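Chains here go by letter, A, B and C, matching the order in which they are written, and residues are numbered from 1 within each.
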Amino acid sequence: MQYLINGLPIGAIYALVALGYSLIYASAGVLNWSQGDMVMLGAYIGYSLHRIAGWNFILSLLCSMISVAVVGAAVKRTVLSTLRARSAPPINVVIGTLGVAIICRNIALGVWGPDAQPFPSPVGSSPIQIGNLRIVGQDTLIVLTGIGLMLLLQYFLKFTREGKALRAVAQDRMAAALMGIDPELSDTLAFATSAAMGAAAGILIAPLFFVTFNMGAGIGLKGFVAAVVGGLGNIPGAIAGGFFLGIIESVAGGRISSGYRDAISFAVLIVVLWLRPSGLFSRTVEDKV
Amino acid sequence: MDVSAFRMRRARWCAVVSVLVVPFIVPNSYYLHLINLIGIQTLVVIGLNILSGYTGQISMGQAGYFAVGTYTSSLLMMRLGLSFWVSSIAAAIASVACGIVIAIPALRLSGPYLVMATVGFGEIIRLVLVNWVPVTRGAAGLTGIPAPSLVSIPIVSERGFYYLILATVSAGVFIAVRLSRSKIGRTFAAIREDELAAESMGVPVDIYKVAAFAISAAYAGVAGAIYGSFAGVASPDNFTFDDSVAFLCMSVVGGNRSVWGALVGTVALTFFSEALRFLQSYRLILYGVILLSTAIFMPQGLSGLGPLAGAWLSRCAHSRGGRGRLWRGGEKRGA
Amino acid sequence: MSRVRRVTAGFLALALVLTVVAIIGCGRSSGGKVLKIGVVGPETGGSAQLGQAQHRAIQIACDEVNAGRLAGEWKLEAYFEDDEGNPTKSASVTNKLLQERKVHVLIGAINSSCTLADIVHTQRAGIPQITAGSTGASITEQGNKWIFRTAVNDELQAEALIAYAKDTLGIKKISTLTAADDYGQSGANLLKASAEKSGLELVAAATYNGGDKDFKPQLLSMKEKGTEGIFMWGIYTEAALIAKQARLLDINCQLFGASGMASTKLIELGGDAVQGMILTQSFLPESDQQRAKDFVDKYRQKHNENPIPHAAQAYDTVYILADAVKRCDSTAPEALRDAIAKTSGLQLVTGSPKFNKKGDDVGKRVLITRIDSGAFTLVKAIVVGE
């Protein structure tokens, strides 16, 4: 049971990252390989503001999310828009965003150095004992903030004009355009929001994992796995996928084998893809036509 | 025979001769080492091009087949004393088997789902290599991998490997080109352009897709076998996800529709990676920029510049059109 | 153009080409007594902190030696190359240093897989190679007479830790949590062998992949099995995380670690969780040895932080080379190699180097240290024999 509880915070992080991938895929239909590095940037910017400049945690979180959102929008403008204009194959977006990821990672290496940086937790680290389960402050913060952000996102998508526009574009781009919605703007918004989600994930996880310049790569990949498991483009699916992956990793790592833990996660992934190609939590099975 | 055909013949002979004397005109064996590395990587990328360029399936797990090739061949040579030639064939077979294993679930997948499956597969292979210690010696890897010997003369120098790799790459190129021009190649193209249409025309799409995976795995497996003896050592660190990504980049940057694209992409990326070393840590930032720029400004890859260059050259030389790309598939852009 | 002009032009062109080739071909031979040292390490990528530390330390050492004329008439010139922690790239840059720069000796690499890849080429070229950071067992087990190692001995560390656990702390059940790379796997094997010899029970042997962030599954499993001591073998980033997560799970047993993670960064990142942790290392930044103090001060001055053990080992390696070249007064590979093999009598930061037949440095100090109140304190110094 403790394994389950431990899987939750990491699951929330995967969920936030997965949301980023799904949001962009739903709206723009492309894979953004730099999503993981948005997590890293968010953590570093948060670190600089909170630890070095001494700002308070919430302010650092918000500023970081906003700055990284700007970066996300910039990525969209430079990479996606230009590629769209030239009708390039989708693989080029992957390579292009991969280039962005490499650039981000090495700029971070140059600016902040290769050493891991500690990030103090805003809620202290002494755990609470409930029955025979232990719950840690930072973990709870992650799960609660994570869920809060996800709810915020749902609210945004369902009840605001821009959010509804995004959903319209995701459903049928051409029809949305005909209705007067600017799909390019929606895409930019999708990129910005995904980046902000990633940044939040980065700051939330920083006290637990420290801030390193290559933290984005691993989390990005796992987040992507979570998004695919939940069904790419499926927002609630991404959330479910994230938690699902987090819990599976925790249980597999503890009960089966720590060395093969990642292999087990990937094997589960391949099995899921084989049995339900459009994701575990998708409502419809994707048609090839 | 007319002038332009004669010129082509002469050009071809010049090319062949210059390729054969390369080991003797490079300043030192470092360059030869790089060229050899490029050769081995080109083999993998040709295979990748067959998979992604010809049939449109993207793979980010080529390092997995490469690893299987290296370890299979090296272990057979070291544990069972088999010769390099037998071991390489076994390595190719093992890789093909892996290719088929991943191809079957992949049949139902497309786009990012397919990418994910191949990533997962590559990682699983790497983790098996790290954890299956009794066989693979785990993270410590293999050392003292024997060199191939041709009629009891061992091939150990860069020069020797150059000719071995040249022969293998030439064979690989030859096969790939023949493939692209054959009925199989045209079927691959048909699948890439419009899978549903191909299916409705009675093409057993599934079999062709699995075949494409198998072929790309075979290329990577053979390349892996050569790499094992070339480097003398092998460890899971050689076959990481980053390496799969690198192969994909070479494929896309060069242009994944043609065989020459594989060579161009590998040469370009290796060249940039090495030539930029003087920039120290800024090197990788520039590498990322190059990747980004190529993706944005040259969607067909560098070899897409081929027909442009060819047309320009032909205008200059007043002869019939340049050779341009080898692949004469459809010009339709990907969806 | 007249015939004479054409011939002259051709001749001049040829001469120019030959000169250029000659200049390039000779490398940068600056004349005089120069020892060219090639340095290979991961300056980017996952082990960047180790590679960059090595780079800085070697630079400091070379500058010191040259400024103080500590190698007699010889000057040291270091050429640095980044191998990104990738064995293929490592072999490439080794080739480059050997063929283009024509270095006389190679310091490298840090990742064992990279060192092994490089050895193939230094051995072929017949150039001595010293690794200041790789601890993989197979490196010195190949009967290769060109490779030397100045990294602190893992076997001794494992034995020292187990002995301390058993004799001083009375621990009976232990578990290991090691990195799934060469360093970690070899550590795991050494610990297991040592534990068996000493009669301690190994209740769990778990591993983690480099870059992993979540160790709770492994820790929970160990807790259930009743471990009294957790032995870690990896680098400080994961070690700090493991320590923190262990405390969060209410695992309060003794933590142990080896030199790979012994750095002030471990204390900085681990905070309270690593207080009381026992580590073996060859170098203590707070050492009262004058030499170590000077090195630490100089490193701090330049880079604003304490040097990690890899830095100290790399620093000492340069001094070994300076001493060797001074003694043999030549850059001929065989002479240089023999001179290195005969090194003795030097008192350096990490001990007094002495190479055995396999090329391992058996003069390295092994210190058992404990983290008390935010710093490493010396518990016991182990004297090493042959």
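To be clear about the criterion, contacts are C-beta pairs under 8 Å (C-beta built on N, C-alpha and C of every residue); 3 or more make two chains touch, one makes a residue touch a chain.
Owing to the predicted nature of the structure, the values given are computational and were not obtained by experimental measurement.
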Top of the farthest list for chain A, CA-centroid basis, is C
Set A-B beside A-C; more C-beta pairs touch across A-B
Chain-centre distance (mean CA atoms) for chain A and chain C, in whole Å, is 36
Per the C-alpha centroid definition, the whole-Å distance linking chain A and chain B comes out as 32
Multi-partner residues in chain A (2 or more other chains touched) are 106, 109, 259, 262
Residues of chain B that touch at least two other chains are 127, 130-131, 281, 284
Residues of chain C that touch at least two other chains are 44, 180, 207, 209
The chain A residues in contact with chain C across the complex are 2-3, 6, 10, 106, 109, 114-116, 118, 125, 127, 134, 136, 205, 208-210, 212-215, 217-218, 249-255, 258-259, 261-262
As the complex stands, chain B meets chain C at residues 27-30, 33-34, 37, 127, 130-131, 133, 138-141, 143-144, 156, 231-233, 235-238, 242-243, 273-274, 277, 280-281, 283-284
Listed in rising order, the residues of chain A that touch chain B in the complex are 25, 31, 78-79, 82-83, 86-96, 98-103, 105-107, 109-110, 221, 224-225, 228, 232, 257, 259-260, 262-263, 266-267, 269-270, 273-274, 277-278, 288-289
The residues of chain C that touch chain A in their complex are 44-46, 48-49, 52, 180, 206-209, 211-214, 216-218, 220-221, 236-237, 240-241, 244-245, 247-250, 265, 268-269, 271, 305
Per the touch rule above, chain B residues touching chain A in the complex are 52, 58, 105, 108-113, 115-117, 119-121, 123-124, 127-128, 130-131, 195-196, 241, 245, 248-249, 252-253, 256, 281-282, 284-285, 287-296, 299, 333-335
